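Scrolling down, you'll hit the structures one after another.
Next come two complexes built around subunit A: one with subunit B, the other with subunit C.
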Partner chain A sequence: MSDATVTAKRQGPSWLILPGIVWMALFMVVPIAMICYVSFWTQTTFNISSTPTLASWKQFFASDTYTGALWTTVRIWLIVLATTFIIGYPTALFVGLFVKSKTLSTVLLVICVIPFWTSFLIRVLAWRPMLGKEGAINIILQKLHIISQPIEVLLFTELSVIIGMSQIYCVFMVGPIAFMLGRIDRNIIEAARDLGAGFGRIFWKIIFPLSLPGVVVGAIFVSVMVLGEFATSGALSGRKVNLLGNIIVTQVGSLKWAMASVTGVILTVVMGMVIAAFLRIVDLKREL
Partner chain B sequence: MTTQTAIFRIDGVTKSYGGVKALDSVTLEAGVNEYLSLLGPSGSGKTTLLRVIAGFEVPDSGRVFFQGRDITNLPAHERGIGFVFQNFALFPHLTVRQNIAFGMANGAVPVSAQETAQRTQAIIDMVGLTGMEDRGVDQISGGQRQRVALARTLVMQPKLVLLDEPLGALDANLRGRMRNELRAIRERMGVTFLHVTGSETEALAMGDSVVVLDRGRIIQRGAPDDVYSTPASPDVAHFLNRFNLFDGTLVDGKFTGAFGTVAAAKVTRAPRDVYAIRYDRLRVMPLSTAAKGPALKATYIANEYLGSSVMNFFEAADGKVVEVEHHLSLGAPETYEPRQDYLLTWAADQAIVFGREGK
Partner chain C sequence: MESRVLKPMLAVYVVAFILFLYGPFFVLGILSFQEGPDGGPQFPITEWSTYWYRQIFGLTPPSRIAPLPVGEALIRSLILAFMTMVTSTVLGVMSAQAFRRKFRGSGFVFYLIVLGMMVPGVLTGLGTSLLANNVFDITRHWYTTAFATHVAYTFPFAFLVMLAILNRFDGSVEEAAWSLGVSPWKTFRKVTFPLIFPGVLSAMLFAFTLSFDEFPRSLFAAGGSEDQTLPLAIYGTFSVEIHPNIFAFGVLTTLFSFALLSVYGILMGLSVRRARKLAMQEEIA
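Take a look at the complex of A and B:
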């Protein structure tokens, strides 16, 4: 039997992949191609025509509003990624590694997911009465006489957006990391101890490298969601923080299809680069 | 053997899990450069014992000494005792070389990079892994993984190595080869090995002395041939898997069982009366034979070819299965008719009798 036949046999009937191809073509490839195409259309105040032009692209990069939104998106993404990692990793370490009972670790993970039983918008808006000038945090701090004046920077600022997003997306970091940590054979850690390594060494040389695929998957989850965000920033910043997502929403709202498409293409490219960069860190196919 | 000083000693160690005693005041000692094999059925506490010595478990009571020092409360990574895991527990993200060098690169005692490289290469050559240094541990065979696990432990030059069923994950052929290699490596390095196994052949073949553990207690310790030929209790005899054991009653030096009443030459003290006769000590006779001494009527059921011998299975009147081993070096095996009755006999002085009357 030749190699080609062997490969064909192992792969099975190739028509099975057809529904997938049709689906992806209709709902991913065609729309993305369409967005790219529309981004070169000519936009006038009340009309749009398919005459190709670079006007929208030039306008995007010439305007401080648009480039500013790009940098704000990148900045908030990096900060939220860092906070979800800093809060999420120790949590995952506890749930996935230090909790010995499998049942308890499952229960803890379910507890992490419980907030998702309420709608996304409610979870975001719930931060308002928490962070506001007369919100829960300010009232408690004042009652405890820790502060005399309410902290105003808590709500309708970039900080409130970061707090809200970190809380909402943290669990997407915890899950994959806890899963990878839970798969580590306890004997491996004991073997490292037996060879004379202290906890710090074991963590950096054994535990962390073995959990890295989980970190990468979690980071990809968080990144994709944060980069495409518009609701949290809209609701918690009082429209002061504009992300690329918010730009797209306003442009579509005012029927500026060409500009919305330019922003969409740029957002897609940024996401593509971020995912590609993360996938370079570990070979996920090998690890999972 | 008498001039050796103890390298480690555990003194009255007790360890329970949720009310079940895994170790019940175990006291054990091993000398320098000794190969001790610890034999016991699963659940007998042998792995717990190793984990207590290694420092992965803290005993409820009792002390652990190593090189004359009380190490009961010393954390595992400061003990300097080697441990080879049953599943090898290699670091999956590191190469063969990195696995072996791990202890020197990250251990409590700093070792220079040059010495690390030198010692790593030396042990790689010794265990026969030359050429595999840069392979990942998932790219080598089971036997090679076993060698990496051993090398990783031995390169730290421990004075005591604990092996937890190290050959359990290998196939029979490889197990035999690794058995010889383990012995050879240990003799070259001059380390004390404490080898835990559930296999009686492995324990007898490998240890300078054999310790038999049952339900958290040490029930016998001795040279392999002593343990084999004179088991200290019915439990040891049962566990060695070489004896037919008959229940009965021992009165005034006479044992009465399914095979009649026989004088017992020597009785070993035990909490119950048991008559033990080795599989290869039985003879199969036609039913018509007038036997003097013990004789048991039994029905032939089947046999099992073992390569060097044939095991014949008989069923006695009370349903008990009696095994008769015929070594092929003694000549071709006789053939028996299935469902036919035969007479099983043996020389009375070859039996081991346990009883409450014993000394």
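Take a look at the complex of A and C:
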């Protein structure tokens, strides 16, 4: 057998990629194209027809409920992005840089991942007995005589949504950042210290810049998930906080498919802009 | 590094972080032992009991609180997760195998596949149900439309896992088989597949757990029909009053996940040990 045939065989025939392409095209690209198309359809009370119109788009931007949902989504996304970063970075710093033993850092990462094997919805629901007026936090704070009256803003507010999302998504920050920190060459840090740099200087000049790709990957994970959320906001805000996802769910529930599609297109656009912006900060292909 | 001050501080912080991650679970676990059927989903515990666990298994007399409709939903979810697991692992292995050769447009195809794990389930779910309703005029079910969107979500994970495995794969063993005249398909079955099996197991685990817990895609793509999956059944209890039975159920599903994880760990350990044994035999020979 000649070398050429061996190499050709080795890499496997390229038709093997076809089923994957077809599946993704049919069940991801076409559905999203369909959302864009239907957003221009005409909505009647219980039905839609394919007569093109801008009515749903005009209705979206004329209504405070819908534009309000857009701004709430952006606001909650930014806040949760910040909280997951602030909560997650020190943990990642410890796991990725300070823990010398490989076993311990693996154990810590596994501990962080274990909660993901509980149903997402139950993880969300678990915050209710935690935050409620007679919830665990209020009881503990009252027992410790820190507060005399239960704090009521903890549950069914925007705050509870932010707390819940921060807990559910912060691990997605920890993982990528810890990974990047673990790859830093310890000799660079040693060298900087030998040259008399303090920890603050080493952190800002070496550690943080080198961990930035991890921060971006984590931020992409968190953003993608928070922007598409509706269950956490629904369950922990008592339907007071409406994200774009919640609008889509309620519109579909009342068979307003055209409005749901308009919201879907806007969500897609926001998501695309966010991901593009992150990829602009750090060139992932070069870093990974 | 100012290890003496900073490291203990960070260690304390990490402990607090883990408490933050696990706090709600402890509360959930405690409240699942609330007295039933009159105890509410909050403190204080009026009386410790296993009522809600017994209720899930249908061992309690009927009361005003209906048991969770989880029996059939659980079976549906398991079947759906299994179907999704098999399909996305097969697709993942095939695609990653194709990616061992550079082909035209491979960069584009890579992003097309990886996008599947990025697009929110609300969007693919909505789009699929629009297509089902308005173009194909078919009823949405968990085993048709929801299955398709589940695979479009889990296949990218399987693909990435297999890509990572095949990148480190030593192709010379395959070449040896081919030069001895073994057919490509037989080579794949007898040589390649056993070697990449640990990766296949990881891909399967990813696909199964992601699909089993997948909610937004199911909500749209299987919504409206009577035959719910498990996450849909749980979501159904959100809108009405919450009872501790959902907490008990949460504890049970967590235990189930651990069982699944242990099976995966055992299989992984066995296959690693077998590989090591084979390598040792080779060395002796």
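By definition in this document, the second predicted complex is superposed on the first by the 269 of 288 C-alpha atoms of A that agree within 3 Å, B and C clash if a C-alpha of one lies under 4 Å from a C-alpha of the other, contacts with A are read in each partner's own complex, and residues count from 1 in each chain.
By our rule, contacts are C-beta pairs under 8 Å (C-beta built on N, C-alpha and C of every residue); 3 or more make two chains touch, one makes a residue touch a chain.
Here the structure is a predicted model, which means the values were calculated and not measured.
Colleague: Sticking to the clash and touch definitions up top, decide whether subunit B and subunit C on subunit A clash or fit.
Modeller: When both complexes are placed onto subunit A, subunit B and subunit C end up side by side without any clash.
Colleague: Looking at A:Leu155, would you say it contacts subunit B, subunit C, both, or neither? Reply first, second, both or neither.
Modeller: Neither subunit B nor subunit C is touched by A:Leu155.
Colleague: So, A:Glu134: does it touch subunit B (first), subunit C (second), both, or neither?
Modeller: A:Glu134 contacts subunit C only, not subunit B.
Colleague: For A:Asp185 in the superposed arrangement: first (subunit B), second (subunit C), both or neither?
Modeller: first
Colleague: Quick check on the superposed pair: does A:Pro90 touch subunit B, subunit C, both, or neither? Answer first, second, both or neither.
Modeller: A:Pro90 sits against subunit C, while subunit B stays out of touch.
Colleague: Once the two complexes are aligned on chain A, which partner has more residues of subunit A within touching range, subunit B or subunit C?
Modeller: Counted on subunit A, the partner with more touching residues turns out to be C.
Colleague: Which partner does A:Lys205 contact after superposing on A: first (subunit B), second (subunit C), both, neither?
Modeller: A:Lys205 contacts subunit B only, not subunit C.
Colleague: Which holds for A:Arg193: it touches subunit B only (first), subunit C only (second), both, or neither?
Modeller: both
Colleague: Closest Cα approach between subunit B and subunit C after superposing, in Å?
Modeller: Value for subunit B versus subunit C, nearest C-alpha atoms: 9 Å.
Colleague: Could you list which residues of subunit A make contact with subunit B in one structure and with subunit C in the other?
Modeller: Correct list for subunit A: 193, 198, 202.
Colleague: How about subunit B: which of its residues touch subunit A in the complex?
Modeller: Subunit B reaches subunit A through residues 54-56, 75-83, 85, 87, 89-93, 102-103, 106-109, 152-153, 156.
Colleague: What does subunit A use to touch subunit C in their complex?
Modeller: Counting only subunit A, the residues touching subunit C are 1, 6, 9-17, 19-21, 23-35, 38, 48, 50, 87, 90-91, 93-95, 98, 108, 111-112, 115, 117-123, 125-130, 132, 134-136, 139, 167, 170-171, 189, 193, 198-199, 202, 220, 224-225, 227-228, 230-231, 234-235, 245, 248-249, 252, 257, 260-261, 264, 267-268, 271, 275.
Colleague: Note which residues of subunit C are touching subunit A in the complex, please.
Modeller: Residues 1-3, 6-7, 10-11, 13-14, 17-18, 20-25, 27-28, 31, 41-43, 91-92, 94-95, 97-101, 103, 109, 112-113, 115-116, 118-124, 126-131, 133-135, 148-149, 151-152, 155, 159, 171, 174-175, 178-179, 184, 209, 213, 215-216, 219-220, 223, 230-231, 234-235, 238, 242, 246-247, 249-250, 253-254, 257-258, 260-261.
Colleague: List the residues on subunit A that touch subunit B in their complex, please.
Modeller: Against subunit B, subunit A makes touches at 185, 187-188, 190-198, 201-202, 205-206, 209-210.
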